[in-house]
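Quick notes on the structure that follows.
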Amino acid sequence: MSTAPSAPPTAAPPPAIHFGRDDLPFVDIGDGSKLKVIQVDPGAGLWVIENVFQSGYRVQTHKHTGPVWGFTVSGAWKYAEYDYVNRAGSVLYEPAGSIHTLLCSEDDTRVWFHMTGSNLNLDAAGEVESVVDGPLTLAAYLALCEAQGLPRPSVLVGG
Amino acid sequence: MSTAPSAPPTAAPPPAIHFGRDDLPFVDIGDGSKLKVIQVDPGAGLWVIENVFQSGYRVQTHKHTGPVWGFTVSGAWKYAEYDYVNRAGSVLYEPAGSIHTLLCSEDDTRVWFHMTGSNLNLDAAGEVESVVDGPLTLAAYLALCEAQGLPRPSVLVGG
Amino acid sequence: MSTAPSAPPTAAPPPAIHFGRDDLPFVDIGDGSKLKVIQVDPGAGLWVIENVFQSGYRVQTHKHTGPVWGFTVSGAWKYAEYDYVNRAGSVLYEPAGSIHTLLCSEDDTRVWFHMTGSNLNLDAAGEVESVVDGPLTLAAYLALCEAQGLPRPSVLVGG
Amino acid sequence: MSTAPSAPPTAAPPPAIHFGRDDLPFVDIGDGSKLKVIQVDPGAGLWVIENVFQSGYRVQTHKHTGPVWGFTVSGAWKYAEYDYVNRAGSVLYEPAGSIHTLLCSEDDTRVWFHMTGSNLNLDAAGEVESVVDGPLTLAAYLALCEAQGLPRPSVLVGG
């Protein structure tokens, strides 16, 4: 972002940005479940992450303020609120306003999430208990990298 | 939205949807300040509204989970956190994550807001006290139309 | 955008960015019609502009590849394809895929456009003749500022 | 989309929409390469697809008018313009304005694309030769399903 006097954009088209499987490290987020943050565009409210969940991993009931897509590569996970199970090859569209509780039922469940907006974590009464968004997740990821002795990762910050 | 077996899209391009100045009514939201809801796309987390604020109107400190643009046609308003004043001809870009408290200082301050995501209303300690989004604002608008004896408005629901 | 090793985001929320009526100059785009470019986020395909059209101004038939919103402050303009006229207070939603030909019928027609994607300019046979997007419009705006002896404007480049 | 008088939104949150691996058929798009269209939101210019490319598959040089993300599950593909190769676990961010030529170099290269805007197919001189977008791709997908004797698929049309 710049509000300084603008230079004319160059004629060259912007490059596509590639992240190979091992370009960014996974951090442990508990009991062997893992997180990698690939891109955060703070002003747009956009974040792209990858998780590897282990069986029994649970994400607190949350409401999305923007649309989210989940692409599952391996394993099995579901939302407690629905019957279907995400397995290898599943695509899940979560519209803004949707509310659900993630449960993982197989080890090495690997999922990419393309997310916009915030996750509003809800208590049993449906009240907002805490909020998770892209910048907070990036900060946690960087702190966990450092705490776990991993090199500082080159997350794409911006869009 | 449809997940029924898909019909091929027609060849005709979709029309642009026009809302003239008087096509949708304003409702009173207190002390003569007014609200009109023009479009809500729930799944995308998008909402487009118009406000007419009177001097002294205040909006609780809130954090945005998606980007917002404000286009001011008349009057004067500012965020308590910043010095600049929005007047006729002002454009304000509010990135996701921005936090501020709206104060109106002139009567008949007219502003269009193009919004994505939710407004997280914060208490003095910075905790989320309540959440406002497009569907909730639409529901409030429709209820106020009815309570104020106005015909049911044809808000664009979808995108 | 950065793919260098990431610094943790600061705790401070990002500021809202204000453009007062006279913060950015208008350039003449022919016969007294004018253009101001306020924001271009190239990677997101987003652009926010303001036009002042004079009666008789015409924009070639074009198709949008992303959604566009038009907010009219004064004057009168329409699309040749539809009957309604945009006047002070009008809001127009143009979904991706919509096709139309802008005609201005009153002097000093002032409109903000919140745009995503590209304008595909179509010839009489409906073939793409040229393409206009945010970065091209920004480059033209900066060149016209320079040619018209205006100071280099501080357009918001990014989101 | 509705511009009829609005009913108040229900209190129930919208469901997430799940597509299991075999819920939508692949169609052959030449020499064993395959396409599945999962979601098209025409007004937003959004489309989500899955491809299985075979070695030698090539996609004409194209420019994107909105951002695109590619998530690769297996195989190998690259853009002729860059050195890196997308393999299992790769994530590719293609900003609006990026231009490239897809080449597949291994059989059974499986990729999800989360796309916005249009693909402007460019000839050798860089001129727009044709345009591909979500609705056109959906129409082609439905026609190929029918031609290949597959049941009409329940693509998610909308958001």
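As written, the chain order gives the labels A, B, C and D, with residue 1 at the start of each chain.
The working rule: contacts are C-beta pairs under 8 Å (C-beta built on N, C-alpha and C of every residue); 3 or more make two chains touch, one makes a residue touch a chain.
Quick caveat, the model's predicted, so the values are computed rather than measured.
*Asks:* Tell me which chains count as touching both chain A and chain D.
*Replies:* B, C
*Asks:* Where centres are the averaged C-alpha coordinates, which chain has the largest centre distance to chain B?
*Replies:* D
*Asks:* So how far apart, in whole Å, are chain A and chain B when each is placed at the average of its C-alpha atoms?
*Replies:* 28
*Asks:* For chain A versus chain C, what separation do you get between their C-alpha means, in angstrom?
*Replies:* Those two chain centres are 32 Å apart.
*Asks:* Mark out which residues of chain A touch at least two other chains, giving numbers and ranges.
*Replies:* Within chain A, residues 14, 17, 42-44, 67, 95, 97, 135, 156, 159 contact more than one other chain.
*Asks:* State the interface residues of chain C toward chain A in the complex, per the touch definition above.
*Replies:* Spelled out, the residues of chain C in touch with chain A are 1-6, 8-9, 14, 17, 41-44, 135, 138-139, 142-143, 151-159.
*Asks:* Given the complex with chain D, which residues does chain C contribute to the contact?
*Replies:* Those in contact with chain D are residues 42-45, 65-67, 95-97, 116-118, 120, 128, 131, 133, 135.
*Asks:* What does chain A use to touch chain D in their complex?
*Replies:* 13-22, 38-39, 48, 50, 63, 67, 69, 71, 73, 79, 82, 84, 86-95, 97-100, 112, 114, 156, 159
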